[in-house]
Structures are given as C-alpha cells and as structure tokens.
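Shared chain: chain A. Partners: chain B in the first complex, chain C in the second.
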Partner chain A sequence: MSETPKKILVIDDEENVRELLKLEFSDLGLTVLTANSAFNGLQVLKDQKVDLVVLDIKMPGMDGIEALEKIISTQRGLPVIIHSAYSHYKDNYLTWSATSYVVKSGDLSELIEKAQEILANQEEE
Partner chain B sequence: MQELLFRNMDKILHAWMLLDGENQVVIWSRPAAEHFGYSAEEVAGKPFHLLLPAHTPNREEYIKLLELDSHNGSVINHRTQMAQRSGIIMDVELSMHSLHDEENFKLITFANITEATELQHYVNNKMMELVERFHFFHGKDLTPQMREIFDAILVAVTSGQGLKFNRCLLLLVDQDDQELKGVQAIGPANREEAGRIYHELSASPPTLTKMIDLYKSSGNHDDSWINQLVREISVSLADPEHILIQTLFNQKYQLINDSSPMAGHPSFNWLRETLHASECILVPLLWHGQSVGLLVADNSVTGHAITDINIKALTDFAKVTTEVIETVKLLTKLEESITYIKQTNLKIKESQAQLMHQEKLAAKGQLIAQMAHEIRGPMAIIGGFARRVYKRIEPADINYDPVQRIVETVATLELVLNDILDQSPKADEQKTDCDAAKTINRVVALLEEEIHNRRISVNINIKGDLPNIRIKEHHLFEIINNLVKNAIEAMEKDGLLLILANELGNMVVITIQDTGPGIPQAEEAKIFSPYYTTKENGTGLGLVVVQKLVEEHKGMLTVHSLPGKGTTFTISLPTVNKQEES
Partner chain C sequence: MPISNSNVLTFVLAGGKGSRLYPLTRDRSKPAVHFAARFRIIDWVLSSAVNSGLRKVYVLTQFKSLSLEKHLRLGWNFLAHELGEFMQAVPAQQRISEQWYSGTADAIFQNVHLLEDHRPEHVVILSGDHIYNMDFNEMYQQHVNSGADLTLAVLEIDKKESDQFGVLTVGEDGEITSFIEKPKDPSMIPGDSPVCHINMGIYIFKTDALVRELATDAREATAHDFGKNIIPSMLGRCRVQGFDFVKSRYGNYWRDVGTIQSFYDANMEFLNLKDSSSLIKDDWRIRTVGEQLPSAYLEDCEVVNSTVGSGSHLERCKITNCLIGRNVTIGEGTEIENSIIVANATIGKNCIIKNAILDDRVSIGDSKMVGVNLEEEKKFFFISDGIAVLPKNFEF
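What follows is the complex of A and B.
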C-alpha cells in the first residue's frame, strides 16, 4: 500500500452526480477531484497526476467521447471509466478504448467495484 | 425514239395531263381518265379548275397561284383535293412542270393518295384512342387494337377507290423465329360471299372509316376462310429461293402470273395453289431500308387483271402501311414500358408506405428510449443519495423505513426503465450491409495526399462483383482505414501497397500488404495490446479497434510478417446473401 492516497477525477456536468461520487469515493479514502465539463477536466489532467478518471458522455460542449480520445492520446495508460445514463454508446467503438463502461444507476456498487479493481491492479504493477 | 418514249409515258408517269397557256386540258393519260372517270375526248379543251372541288378557294386561279410557288418552273408533291366525275373527292399529290416552247405548256402528274391519307387519319385517331385508354386500363392487351389497325390497312387495299383489290394478305417478319408469317387477311372465300359483301360496301358512302365500321359490324372475321389460310403461311427467312423471301429481300414488287420470271418454280406453284389464284402481286414493306413484311393482293374473285395503276397504287400504299405497322409496334413497346413503369411505381409506393410506417415506429421507439435515458440520470442521483443515507442510519431510526422505501422504489423504477430500453428499437440496431470495394476506394482516396507524398504505388485488385458484407459502412471504413494507414506509415518512400479483395465461401477476404520493415517476431504478439505503438503520435489503439470490430462481426483477422520484406493483414468478414440463405 502506498502512503499517498489515490487520486480520482470525476468529469460530469451534473452537480448532484459530482457531489454523490465525491462523497462515495472519499469514504473509500480516495482523493476526489471534480470537473463540470470535459474541457475543465482536461485542464485538471494537465496540472495534476491522477490515477483514474470517471467520465460522463453526454455533456454540453465537448462530449465524453471526444474527451476520451484526448485523454488517451495525451495520458497514455491512464484508466478511464465511462459513466453514462446511456448504454448504447457501448456500440460505438470509440468508447471501446475506455477501461470500463458503467451505466449510471442508483446502486453505485458496480462503479465502485470497477474503480477499486482498476486501482488495485495499478498497485500491483 | 420519241414516239417510243411517248407510247410508254403512261408506264412512267401514270396519271398525267398537259395544260395549255390558258390552263385548259390538251392531253390526258389513260390512268388519269380512270381516276377521274372522264375520257380524253371529254376533257379536251376544258379548263383545269373544273377538276377541282367546287369549294376550293381561288378555284379558277389555282394553277396561277401554284406557279407562284414553283421553283425552276416546277412544283413537286403538292397536296390537294380533286373531284371525280361521280363527285367523289380524292386526296391527290400532284407535281407540275412548266414546259416553255412558243407556247407555255404545263405537265401535271398526280397520284391518288386518298386511302393513304384516310388511313393516316384513321390511325392517328386510333392512336389517340389508345393513348387515352392507357389512362384507364393500364396493362390492357394491345393485340385487339393491332388487329383493328391491320384490318384498316386491309380494308383500304380491298375497298379503296384507288386500290380495289379483291383480297389482301398481310405477312410480317418475325425476328425471333426468323420467319415470314401470315398475320391477317381480308377477302371473300368465293364469288357469292364477294357479291354479298361488296353489295353492302358499294351501297355505302365510300369513306374508309365507314367501310372499316361496316367490315367490323359484318361479324368476326378471325376465323374466316382467308384468315385461317393466311395464318398457315410461314416461310423461313433462310430460304432465299422461296418466291416470298426473294421478293422480301429484293425489296421490289413482283407480279405473279404466267409470264413472271419465277413461273414454274415450286414456291411459285405453291403460292398460286395456296391462294387459288392465277395472278397476284407481292409488295414488300420497307422500313428504313429493311424489309419488315409483305402485302399480297389479288383479284381472284372478279378475275380482273392487275393493271399498272393497281400496282402503282399498292406500292405507294405500302409505304404508308409500313409506317403504320412500325408505329403500332413502337406503340406496343411503349405500352409495355408504361405498364412496367406503372407496376414499378406501384411497388415503390407500397414499399415507401411500409418504410414510412417503420420509420414512424422507429421514431416512436427512439422517443421512448430518449425519455427513458433522460429519467435514468436523475433516478441514479435520487437512488445514489438515498442509498448513502440508508447505509448510515440504524434500523431503529424513524427515517430508516421511508429511506428504504425510496431505495427500493428507485431500484424497481430502474428495472422498468431497463425493460423499456431493452424492448425499444435502438437507433441503428439494424446491421446494414456495405460494399467492400467502395469502402476500399474511399479509404485510398482519402489518404491520397499521404500516398503521393511518400511516393507509394497502390495496387487495388478486387475480384469480380463482391457480395456485400454485413457490417455498418463506418465500421468497415474504420477497419480498412486503420490497416491502410498503418501500412502507409510503415513504408519508406517508393513502397508498394497491395490491396486485394475476393470472395471465399461465405466470406469476403480483404488483404492489405505493405513493403515496410515488417514486425519483429518478438513484437508480433504485442501489436494487438492496447497502447502498444511504434509511432510517435500513435495511440496504440488502432489495431485494438480493428480486432474488436472484426470479432464483433464474426470475422477473422490474421497478420503475417516477414522482417525486412513487409507485413500482410488479412481480414475476412461474412457476406450478407450467404448468411441469409443459410
């Protein structure tokens, strides 16, 4: 176990989602950064090193798919979980390069499990 | 010599007359006498205008006015009407030539074109009728109309003023069977029948339309003796010795009687026996230099000899006949095309209606899906916060039960939403199919600049007509684009890019080969791992996407590389048709 807590960035235009995820991930001992747009999210990534990105797709301005491409080409190896109310983006191959895809639900256990799994794998390496 | 020419003038000019300076008739030919019903003696010294119908405008000045229209002293094929002794009006085509001597003479030649003109009128009317009928009965068989028009031709030949043959047979070339075939005929079987029919005909006013009506009203002639006889006639075009075929190909009329050059030939005897006639005339029907059929006419009932005038009239009439027949043929084809177009149109309309129905359903489904998604987001927030609270309160807490109810209700609602989304059609769930050749060409066209800059030669080889692949076009584009881009970027200048596509079983196999450095064996296993790249700006995801897309569509992707020689990627994807058949 490393001393410094893992950093997770939540990019979502919906404030309630950011708030909820911040609370939930903080409970797990993670440092949670949030961004209310894809553009702001990319700014955060320029300034800070994070360990995992949770990314919404449908956002005004730049959408999650475009942001994903940018994240992958600038931060190779940074895991991204797509977190969307829509399931059909799974059919879009552009989302396939994400590490995981979780459909939004009142039950956050799937998202939390995926995040923990990804972070645990990073520790092993 | 001059006398000889003069004696034979009737043969050359047929109906002709000579007018003096006062436009009075000086001489007139025997055919002219036959047409008008006046003897040469009767008309001598009479002014020309007496031969014109009384209602002709500027009747007395007619020749003078005609002279104004002349070129180099001649007027050619001027159409007008002239009156017979009996008062019957003829349509004529006349030519006039001024002959200057001490006195001013005019030579007028003319042809009686009454039947031809009337037939043209009749056929024009019939055509209009047919065209009108198309609007009401599409797909109606044209054959009865064709029969009517053939009847009109035959009635004109047998009952017309200028033609007056006893019987006439129409034979047409059947291109499919390469035969000359009897189509339709008119004429009495014997003298008694002839008497009966012609008594009726001669009692009626002699317009062609009335005669045709009379002929039609006198019963069904389809099974008349002569029609049965004509339909039995069928001669192969490959028999040039045959008298009918010979006439057809020589494109010149032939008079069949004891003095004809073909007398004694088996086909000559056959014709006379078949028709029970000692004399008949064969006139080919020519259309733009091609023989399309024959008119056969005779006077076997009355026994009258066929005169030069008869021959001239029939050969002239044959030209109009051919035009009529060819027009009818074209019209038949037109009608077939119209029917086909109408049917196709109907099919298109039907499928459009179907499509619109499907589109409406799809639009509804998409609206429902959209709404479900819009609800899912807020629902996740409600549920998320409710669960958070729920986890933190003790069962003894007064809010424990209400929060539990919220959590459970949200979970139920989410299941309902999932159900709706599972059932509603996804926007582009339908897997479309696409043409590999098109996509390959599109990819190469888009990369043209890069190809040109690197001086790469491209060789695309697509074998035949490939069946479509069951994949969305943008997916196939992504696959090919990634592989072609990799290939181009792997090559230094002057490389060769080879793209092959062919059908193999129920798959389309596409091979993309470069002459780049190849992949070292140790690296070959890694190329499909995410983020593996050798390019400066690569994401290392191109091949991952390609592999996933190919797998997704039940295809196969293989790579074969020879270090220093190049790399070959082969993808095979299932085709549409074969899949549907199985």
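What follows is the complex of A and C.
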C-alpha cells in the first residue's frame, strides 16, 4: 500500500456534486481536488499529478467529451471515470476512451466502487 | 452481399513519409509519388475503392500533403455530395492535442469523431502506399458472413522476404492465430512451410470493435499502430479473420514500392503486363487527373516497348523500355532506355540516359549522360541500387 494518499480530481460544474464527492472520497483517505469547469480541470492537470479523474459531461464552455479527448492525448494512462446524469452518452464513440462510465444517482456506491477498483489496480501495477 | 454505402465508412491512410523513396518523396508524401509516369500511387487504392462501391472515403494526410491534396481536388472531386458520397482529404488537424499522428491506429483514433458523425456498422481502412487492384466486395462478404470483428487481407510470400512485413498464421477456418511484426529471422515464424502470410494493411473492422480497441490502446503507452499493437492484442480475445488476396478477383499483383529499387521494378513491370495481366482493365479502370493536352508528337523516332504521354514532343530519338510522361520534350539524337521520365521534362540533343528516374520538371542540356558512369554521376545526383534518380525541378 502506498503511503502517499491517492489524488482524485473531480471536474463538475455543480457545486453540490463537487462537495458531496469531496466528502465521500476524503472519507476513503483520498486527496480530493475539484474544478468547476473543464478548462479549470485541465489546468489542474497541467500543474499537478493526479491518479484518477471523475469527469462530468454536460458543462458550460468545454464539455466533458472534449476534455476527455485532451486528457487521453496528453496524459496517457490517466484513468477517467465519466460521471454524468445522462446515460445516452455511453453510445457516443468519443466517450469510449474513458476507463469507466457511471450514471449519476443519489447512490454513490457504484462510483466509489469503480474508483476504488481503478486505484487498487494501479497499486498492483 | 455487396458493400452498402449506408453502413460502411472508408479511411485511406495517406500520411506515409516514404523515407526510403527519397528523393522522390522530398516534396511529397509516398502516396503522391508518380507511378507509370501517368498516375500517382494513391490512384490505385482510390480506384479500387470507388470501383468496389466505397463512396464515403476520408483520406488522412499528414506530412508534405500539399501535392496529394491538390491531386485529390483536381482528380478525385467527382463524387455526388448530394447523395452522401465524398472523397475528402483530412489533414492532420491536431484537434485533440499538438501531436501529429504517432501511428496508424492513432491516425484513426484522432478522427473517431468522424465515426461518431457517420455511425457506420463497418469501417474499411486502406493504405495509400501500394499498387494493386482489389474488389473489396469479396473481402466485405467474408467479413460479414464470418461475423469477424476484424478481417485483414493477407498475401502469401516467401518466408525469406518477410522481414519488412507483419507475418500471420492463418488457420483452416480463416482465423488468424499468430502475428509477428517484421520478424528478424524466418525461423521465428511458426510452421515448416517455406512460405508465410503477410499483413497487406487492408482492414475491415466492425465499428464497435474498432473503437473499443482504439480507445483501449489510446490509454496505453504503445506505438499506436495496427500492426504492432492493435492486431496482436486482439488475437485470442476477438474474432480476427484473414482474407486470402491471391484467391480474389485481381489477386495476381500487389507491390509495396517502398524503395527506389522496388518502385523502379514495379514501373518497368507495368510496361510488360499486357492483356489479362494488365493493371488497367476494361471493367476495372484507374482514375487520375485528366490532361487537356494534344496527343504526343513523334518525328522519325525509334520507340520500342514504351509509353509516351500526351503533349510530348520527341524528335529523331531512340526510346527503349521507357515510361515517358506528359509534356516531355526529347531532342534529336538522344537515346533513352529502361527509364521513367515522369512529366514536363526537357531533355536536350544527343544525350544518353539509362536506368534512370527523372521526376517532374527535370531539365537536361545537350550531350549529357545519365546512368552511364555511376561513379562519376554520384557527384551530381542521387544513385540508389544502380538507378539514377533526378528529383523534381533538377537541372543538369
């Protein structure tokens, strides 16, 4: 087990989602960074090394699909979980390069489970 | 089941630098290099695509693409856009990042948005680097009937000649069971047979399988190449079928033309492929840019086994085993043999030219020798495998 806490970046324009995820992931012992737009999220990724990105799709300005393309091309290997209120983007080929796709709901267990699984796999590697 | 444009999208990979074809690729990419002093290399694959009914075609360009894009605009801008048909050049746009295409798979991955726009069921991926004719309907039919995730065309060659290719093992059911990219030694290839199958760079994918594989590959630090990464990683997990090119309708001819020697040989071969072996058939024609020039004018010339392009003017010269392109002027007393004169060349009087390639707009004065004393000529121009190559706009 690594001693340095794993770092997650949550990119979501809804403040309550960012706060909720910050609380949940912090409880798991993870360091949580947040960004309220795709532009700000990409800036964070330029400045800091993170282990996982949780990415909303529908955001003002640059959307999550464009942000995903940029993340994949500039930070190969950085896992991204798409976390969207909409399920139909799952069919969009541009979202297929995400590591996982979780539809937003009141129950965060699926998202947390996916995040833990991805981070655990990183440790094994 | 013929190809239906409604469910098939085609990509032609035309960004190859063609470094081994230098200096013919000094000013243009490999697919834009002239062939048979009349066509461009890419005309072959585009003609087969259109003749097969593939009429939604993106041509992915990258380095030195101006010449190729001009050729596509002048020669291939004829499909009916209003019917949903197109032959569209797509320059590397760096729309995702500031990176050029890092491999053949990356070229498609950086254009996944085009797949999302069209949502085809199948994707045909072709290389713009090779000389061959192929009815892609035959391969498409096998691909659909077998339910394969990927069908790739394979060609049987001698194991000893396989070190520049991806070598495959094909089972009796057509399934690909092993893949080695550019084996350094023939002994690395499974089986006792002296021959093996190579990957021709002709692919038909189910779109979902293609995007899934590209997306997985994009997340990893690989060469992002179909031959090196995508195909080997699919074996055992996905259904990958081989299509035997030799058994197909025009399966008697395929050339890589990747080096000056192989390019020269294929051009010379073109002169001697006649009747049913000809690369241009009544029912399978090769399109290129049209020429609005008068027929060639030959005055008291001796011309043996050669072609002469329109607009050319030849005076009392001797031409043997040559491909002479359009708008070429050759002066009195000049003798040319076993050579390719691409187009727009001016060659003076009393010259001797042997085993040479003269690219577009070469100008040669009176009483010059090319390909006669190679040691001496090395000081003036490029010699490769005994072939003198005079690049575009060269003056001698």
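Methods note: the second predicted complex is superposed on the first by the 125 of 125 C-alpha atoms of A that agree within 3 Å, B and C clash if a C-alpha of one lies under 4 Å from a C-alpha of the other, contacts with A are read in each partner's own complex, and residues count from 1 in each chain.
The rule is simple: a residue touches a chain if its C-beta (ideal position, glycine included) is under 8 Å from a C-beta of that chain, and two chains touch if they have at least 3 such contacts.
Quick caveat, the model's predicted, so the values are computed rather than measured.
> Taking chain A as the common reference for superposition, should the pair chain B and chain C be classed as clashing or as fitting?
Pair status: clash.
> For A:E14, is the partner it touches chain B (first), chain C (second), both, or none of the two (neither)?
Once the two structures are laid over each other on A, A:E14 reaches chain B alone.
> If we overlay the two complexes on their shared chain A, which of chain B and chain C does A:V44 touch? Say first, second, both or neither.
It touches nothing on chain B or chain C.
> What is the contact status of A:S97 with respect to chain B (first) and chain C (second): first, second, both, or neither?
In the superposition, A:S97 contacts both chain B and chain C.
> Does chain B (first) or chain C (second) touch A:I112, or do both, or does neither?
neither
> Does chain B (first) or chain C (second) touch A:L28, or do both, or does neither?
In the superposition, A:L28 contacts neither chain B nor chain C.
> Under the stated touch criterion, name the partner, chain B or chain C, that contacts more residues in chain A.
B
> Output check: A:K70 vs chain B and chain C. Expected answer is one of first, second, both, neither. What do you get?
second
> Identify which of the listed stretches of chain C (218-226, 272-280 or 326-334) has C-alpha atoms clashing with chain B after the superposition.
The superposed arrangement places chain C into chain B at 218-226.
> Going by the contact definition given at the top, which residues of chain A touch chain B in one complex and chain C in the other?
69, 72-73, 76-77, 93, 96-97
> Flag every residue of chain A that touches chain B in the complex, lowest number first.
It is residues 14, 16-17, 20, 23-24, 69, 72-73, 76-77, 85-88, 91, 93, 96-97, 103-108 of chain A that touch chain B.
> Looking at the complex, which residues from chain A come into contact with chain C?
Listed in rising order, the residues of chain A that touch chain C are 69-70, 72-74, 76-77, 79, 92-94, 96-97, 99.
> Using the touch rule from the top, collect the residues of chain C that touch chain A in their complex.
Per the touch definition, chain C meets chain A at residues 96-97, 99, 109-110, 112-113, 115-116, 207, 211-212, 214-215, 218-221.
> Spell out the residues on chain B that touch chain A in their complex, using ranges where they run on.
373-374, 376-377, 379-388, 407, 410-411, 414, 421, 426-428, 475, 478, 530-531, 537, 539-541, 544-545, 548-549
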